[in-house]
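Naming follows writing order (A, B and C), and every chain is counted from residue 1.
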């Protein structure tokens, strides 16, 4: 999951929110829901700046906070995005959030305790030294009737089956053709000449798969807004004109 | 007493060759003594080792008794016990594990709800580590998979059984934290912050 | 004496986790004491166990010192070991064992990749039966546990070391099958699969 990087600091939206409501001095009733909401959104913005994909979980809590904030500044019935928070008044949503945070904090505390426990436990090593020779022969012979040869045959057979499997998988799925690679190739052609056609991009000897992937690459570039597409006649060649980088270059010159 | 010594020795020898916790009933059957006698012998051994400051100890874990080295000598033998698993669990994993431990059987959605974040990956890593396992499905929750902790969990955390988990109430946020959370989420507009506000410790 | 107790405990802990004789020099290095001191501690321990009629004894054998169960309890232990699960190995377990034997040290993922199915349960059952054990971790594979075969495995097959395993090539598919595979492989343009699509190495 892409917010895993962020989780090194905060394990989730509750963790972040808990951090925000906890970090101020306790005896000062200073920080309001508005501040918390503001800081929360700031944090998310920072995560985005760091190019961390902000998970929907974080956004959901942000939305809820903003709803509560809006409602508390300007009381009016609002709807909440989360199913759970849906149909709740801001007051109820706030109560629910408090309960959830308290529960989360409880488990965060337990997790700390479990972590400490596991660590101290790891300093004790259980006896598992294995049987003395004289008892080994008493152990049920799990390998009864199994020969070394038998074991070797099993292993060789597995490797063989794997080869055949990979072979067939390769056969059925053909050679995977990388779309990214083709997008790059088309983009490079466009960057060099500014325009090209589908006919120029595919050569006569191309496989059907390459036709398809080249077409997909063009669609991908179109989706990104890097290219304009025109086809003057039905079944005629598709003409491509570069958009993005060229225009920027012209603006610059 | 001679008889006591013989029983004690037999119990010791059994524990010595076992690579898992041995239950009182198993010992009782093998040494031909009543469970209460066995129980007493185990207790006595455990105390003897402790009083004599032996390099090993006898502990009750995961439904049985097992010999362990004494933690005081961990550093000495660490080098020798090569394969020992020294990896720690991440905070995320510990949180999810805590939820499963206290709420079992629990669905993934149940874990998500408490942590406020998708816990799928972290649950599968716990399953992979053998600390948590799937046990049936919850017909009331769209047949979602139910998770429970394993015997390995008990062993790794040195617990006799789940009843030994400390009560959850002990870990509830203290009143100070609780009121802080409530206040901060309800105060509409607080007074401006003083410059010298220190970060508070909420625990 | 306090210092004596600490040394005795460390020596005991070390012997406790070892399943082969430990030499005085090894003990001396690990516990950080002079060989003569270690020698004396070993003698003392051996006498202590004997005098207290413990279920185990400390003996000096070829190569060093090792803890053994006391022969007096041979019958009890015999009965215990005989009571262990006698179910034979499943086909799945045999496959996993074969893969570990020939590819060791190997991670679970490596075994999975070759067998094409999840081998977690089957590997733990092999570990339980003392045929396979964990040995360290592969830093190149996310610190995954590495598995190797045990001494018991070698002994069961009368092997001196792993070099004595019959070469796999002898059991490879016959030349006709092999050339057919090669033909079909070369009939496909380009590399058959991207390098990193291959979860494991075959060698």
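Here, a contact is a pair of C-beta atoms (placed from the backbone, for glycine too) under 8 Å apart; a residue touches a chain by one contact, two chains touch by 3 or more.
The model shown is predicted, which means the values in this text are computed figures rather than measured ones.
> From the C-alpha centres, identify the chain that is farthest from subunit B.
A
> State which chain is most central when centres are taken as means of Cα atoms.
Central chain: B.
> Which two chains are joined by the greatest number of C-beta pairs in contact?
Counting C-beta pairs in contact per chain pair, the top pair is A-B.
> Centroid from C-alpha atoms only, then distance subunit A to subunit B, rounded to Å. What do you get?
31
> Averaging over Cα atoms per chain, report the distance between subunit B and subunit C in Å.
Here subunit B and subunit C have centroids separated by 27 Å.
> I'd like the Å distance between the centres of subunit A and subunit C, where a centre is the mean of that chain's Cα atoms.
Chain centres of subunit A and subunit C, defined by C-alpha means, are spaced 38 Å apart.
> Among all residues of subunit C, which ones touch two or more of the remaining chains?
13, 16-18, 67, 69, 77, 81, 130, in rising order.
> What are the residues of subunit A that contact at least two other chains?
Those would be 125, 127, 130-132, 135.
> With touch defined as at the start, can you tell me which subunit C residues reach subunit A in the complex?
Contact set of subunit C toward subunit A: 13, 16-19, 67-69, 74, 77-78, 81-82, 84-86, 88-89, 94-95, 97-99, 101-102, 113-116, 129-131, 150-152, 155-157, 159, 165-166, 168, 170-173, 177, 181, 184-185, 188-194, 197-198, 202.
> Okay, in this complex, where on subunit C does subunit B touch?
Against subunit B, the touching part of subunit C is residues 5, 8-18, 30-31, 53-56, 67, 69-70, 72-73, 76-77, 79-81, 83, 120, 124, 128, 130, 133-136, 143, 145.
> If we count contacts the way the header does, which residues on subunit A are in touch with subunit C in the complex?
On the subunit A side, the touching residues are 125, 127, 129-132, 134-136, 138-144, 146, 148-167, 169-171, 174-176.
> Any idea which subunit A residues touch subunit B in the complex?
Counting only subunit A, the residues touching subunit B are 1, 7, 11-15, 18, 21-26, 28-36, 55, 57, 61, 68, 72-73, 94, 97-98, 100-115, 117-128, 130-132, 135.
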